[in-house]
Amino acid sequence: MQQLVSGLLRNRKAVIGAVILLLIIVAAFAAPLLSQYSPTARVGRPHQPPSLEHWLGTTRVGRDVFTQLIYGARTSLAVGFGAGLMITLIGTMLGIIAGYKGGVIDEVINFFTNMVLVVPNLPLLLVLAAFIGQASPLVIAVILGLTSWAWGVRVTRAETLSIRQKDFIKSAEMLGEPSWRIMAFEIFPNLISIVGINFIGSVIFAVITEATLEFLGLGDPNTVSWGIMLYNAQNASALSVGAWWDLLSPCIALALLGLSLALINFAIDEIANPRLRTGGRLGRWAALVQAGEGRL
Amino acid sequence: MSFLLRRLAFYLAAFIAAATINFFLPRVMPGDPIQMMFASAGSELSLENLNALKLTFGFIEAPLWQQYLTYLQSVFTGDLGVSIKYFPLPVTELLARALVWTVGLMGLATILSFTCGTLLGALAAWRRGTRLDTIISMSAIFSSSVPAVVISLVMLFIFGYQLGWFPSGYAADPMLDPAFSAQYIGSVIRHGTLPMLTLFIVLVGGFAVTMRNNMINLLGEDYIVMGRAKGLGEGRVMLWYAARNALLPTFSALAIAIGTVLGGSLVTEVVFNYPGLGNVLYQAILARDYPVIQGQLLIMTGAMLVSNFIVDLSYVLLDPRLRKA
Amino acid sequence: MSVPVLSVKNLSIDYIGDETDFRAVDDVSFDIGPGEFFGLAGESGCGKSTIAFAISRLHRPPALIRSGEILLQGRNVLDLDTEQLRKFRWSQVAMVFQSAMNSLNPVLTIETQFYDVLHTHLGMNRAQARERAAELLKLVDISVDRLKSYPHQCSGGMRQRIVIAICLALNPKLLIMDEPTTALDVVVQREILQRIDTLRGELGFSVLFITHDLGLMVQVCDRIGVMLEGKLVEVNAAHDIYTAPQHDYTRKLWASMPRLHGEQIRQGAQ
């Protein structure tokens, strides 16, 4: 774990990603300090372009876009991290149990995992959300958490299968350690980077999917979130009336959040698998060749 | 052969699972399921038509398991009910019309992005640590982490509205009659370019990252070093010794990615007002046209399973170790 | 000794690290004469494979050749440009790699893997390549219908003989064998080395044989170099290495393995 953190601090991609993510988090927490407006109040004339008063302009109904954006970040982050945590928790537990226990338990878990993997996710969520009616961010987070764990099970199980063969597991078994202890304290710590990748990947997925469901009109139009902003802007034909700020602001916010998380994920992958690493020694190598201090 | 038979059996089970979700969902929701399913019908449906619809969805005076079997029977005889919004158009017909556009869009975008993505990923892996690798990797991370809805809106804004290069809706000029004429086909291409390009951007990065990682993991293999030691051209070793082998795991990732492709095409179609499944579904959601919403899950699952089966078949062709002598 | 086929002079190779470098080969010099069977021994990680890779310039970053010369029949391999290097590889130096199971491309037929070499270097078409490949397979006693097979359809020993046949395709001056037999059982191992020895007599190439198994090496090599932590600590005739090892480390190597290798195999077989 410590190794992972110190590795991340030395990885340029991770640092850039973390800085962007941190800025979004700070803006979300400090929203009342950053804006004098309320995100749901009519504070100006409709579709005003960006100005000193309204940094990112106003919406069709005269709400402040910037204020909506920073308050909406709270929703995106909460849904993303909440659903991401749930997805990772379920996926990791099932994956470790299936991989370690083997036998019938493994077959059952594996069968259901493969089943969930071939039922297309977004269409399934659309049906679920359509029956629920107008889904609040909390409901969206919960159904995401309950339906999207399959990928995590697959990778965790595969990794557990290879760890199970290692000597330290064998010796723990000989010593008569209970299997829950082996799974929690011997196997899990060795999966930390896979779990990390799964977690960040799930957060990205949850953020994207929440916005998509809301954009498609399945969210609760009274919430303040980036997806609802997109939905309202699209319904107000923001692009065809030239109010690009109304639509592009949440677009750029979503892109930045997705990008920052993806950079962190890519970095974890590089740290977990040294072969993927490109910085450090390869940079030094190239410099030495340039300087004529050696060749291949 | 038994490998493929087992896959087929599994796909059948998965399809039944999707139908089962459809069956139970209205029944576990609070309130009266019949009321819920057909509320939007209002008074347009005659009693006779409503009863036919109830029968299709298994709402009969019988124990639950008989209701379930009745529904499964409807599904497997291709009866998905009728659309309430477009009454009396059968759901299958409505979706089949839309499916043509979606499959065209999706299929072409998948093939193009998979080809380009794997080639770019292979190139990045082969030249890893160079500037080329950095550029490809960074663009790939960007393309795979930005939501489809964002990419399609931005594309629409730039190329549809600002530059006005491409039309912002429909699959073809609505003034033209569908025909095998140069004019009509040209119009289809012009209307399809932006949605296609969007889907391409959404998908290409994921394929590139997967391929790059798979190939880097292979570069130390003896057969690749031997390929180089044999004095073959660099292109030959990169493509036929390294990339060709790294393609196998990348290809199985494609099967899972098809879900993303479907999701991406749904969103893209809505933004570009493209008359595919996504758009039909969007209209159905707005109108709470439940038979259509349920029907699309089955059609989408079917599409996913067919794509998976094609991937399975191609995998057998790609990997000589799976072929029987 | 006449003009050497291979002459390595003061070769040093580093593996570049994030902060510090690891010297894998440190100022190594040796020669291999025409038709000579030369062995390079040492524990794993002592740098012997690194030397083998450098001779065909197969290294990738972060390996870096810091200094020295590698002369093949008087020509410095390190000075070749990309195209010269491509032509040089396999036509002058061919190589058998560590893992017998893994050095053939799993997705190409055996025939294509011959064709690749024969087409690229000699411009042969499919039919000519097939004919030549059949001759080469005959040299290693493998049936011609194997050409249509994929690697996974052949046993480990068979694959290694196929690799050797591919190695001989262009009549190279030097054949490098990097732990060629570690994945094979002892009987197959011995059979392959005997075959190499016979072919060497017929075709006249030199051999650089790399292994950690000093006992096996003494039985087949003319001369042997012993490596320790990147340095070449002793080079001598095989017989002398066996009977009168000069360096402490060579003696330790002997002490660490059961003596009378050949007889041990025979006892084990009974």
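Labels for the chains are A, B and C, by order of writing; each one numbers its residues from 1.
The rule is simple: a residue touches a chain if its C-beta (ideal position, glycine included) is under 8 Å from a C-beta of that chain, and two chains touch if they have at least 3 such contacts.
Not measured: the values here are computed from a predicted model.
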Between A-C and A-B, more C-beta pairs in contact link A-B
Relative to chain A, the most remote chain by C-alpha centroid is chain C
Per the C-alpha centroid definition, the whole-Å distance linking chain B and chain C comes out as 50
Cα centre of chain A to Cα centre of chain C, whole Å, reads 50
CA centroids of chain A and chain B: separation to the nearest Å works out as 22
The positions of chain B in contact with two or more other chains are 129, 219
Expected list for chain C, residues touching two or more other chains, is 60-61
Among all residues of chain A, those touching at least two other chains are 282, 285-286
In the complex, the residues of chain B that touch chain C are 129, 219, 221-223, 225-233, 236, 240-241, 244-245, 248, 318-321, 325
Within the complex, chain B is touched by chain A residues 114-115, 117-124, 126-128, 130-132, 151, 204, 207-208, 211-212, 215-218, 230, 234, 239-240, 244, 247-248, 251, 254-255, 258-259, 261-263, 266, 269, 273, 275-276, 278, 282-283, 285-286
In their shared complex, chain B is touched by residues of chain C numbered 53, 56, 58, 60-61, 85-91, 94-95, 97-99, 102-108, 116-117, 120-121, 150, 152-153, 163, 166
Within the complex, chain A is touched by chain B residues 10-11, 13-14, 17-18, 21-22, 25-26, 29, 36, 128-129, 133-134, 137, 141-142, 144-150, 153-154, 156-157, 160-161, 168, 209, 213, 216-217, 219-220, 256, 258-259, 262-263, 266-267, 270-271, 281-282, 285-286, 288, 290, 293-294, 296-297, 300-301, 303-305, 308
Seen from chain A, its contact residues with chain C in the complex are 280-282, 284-286, 288-289, 293-296
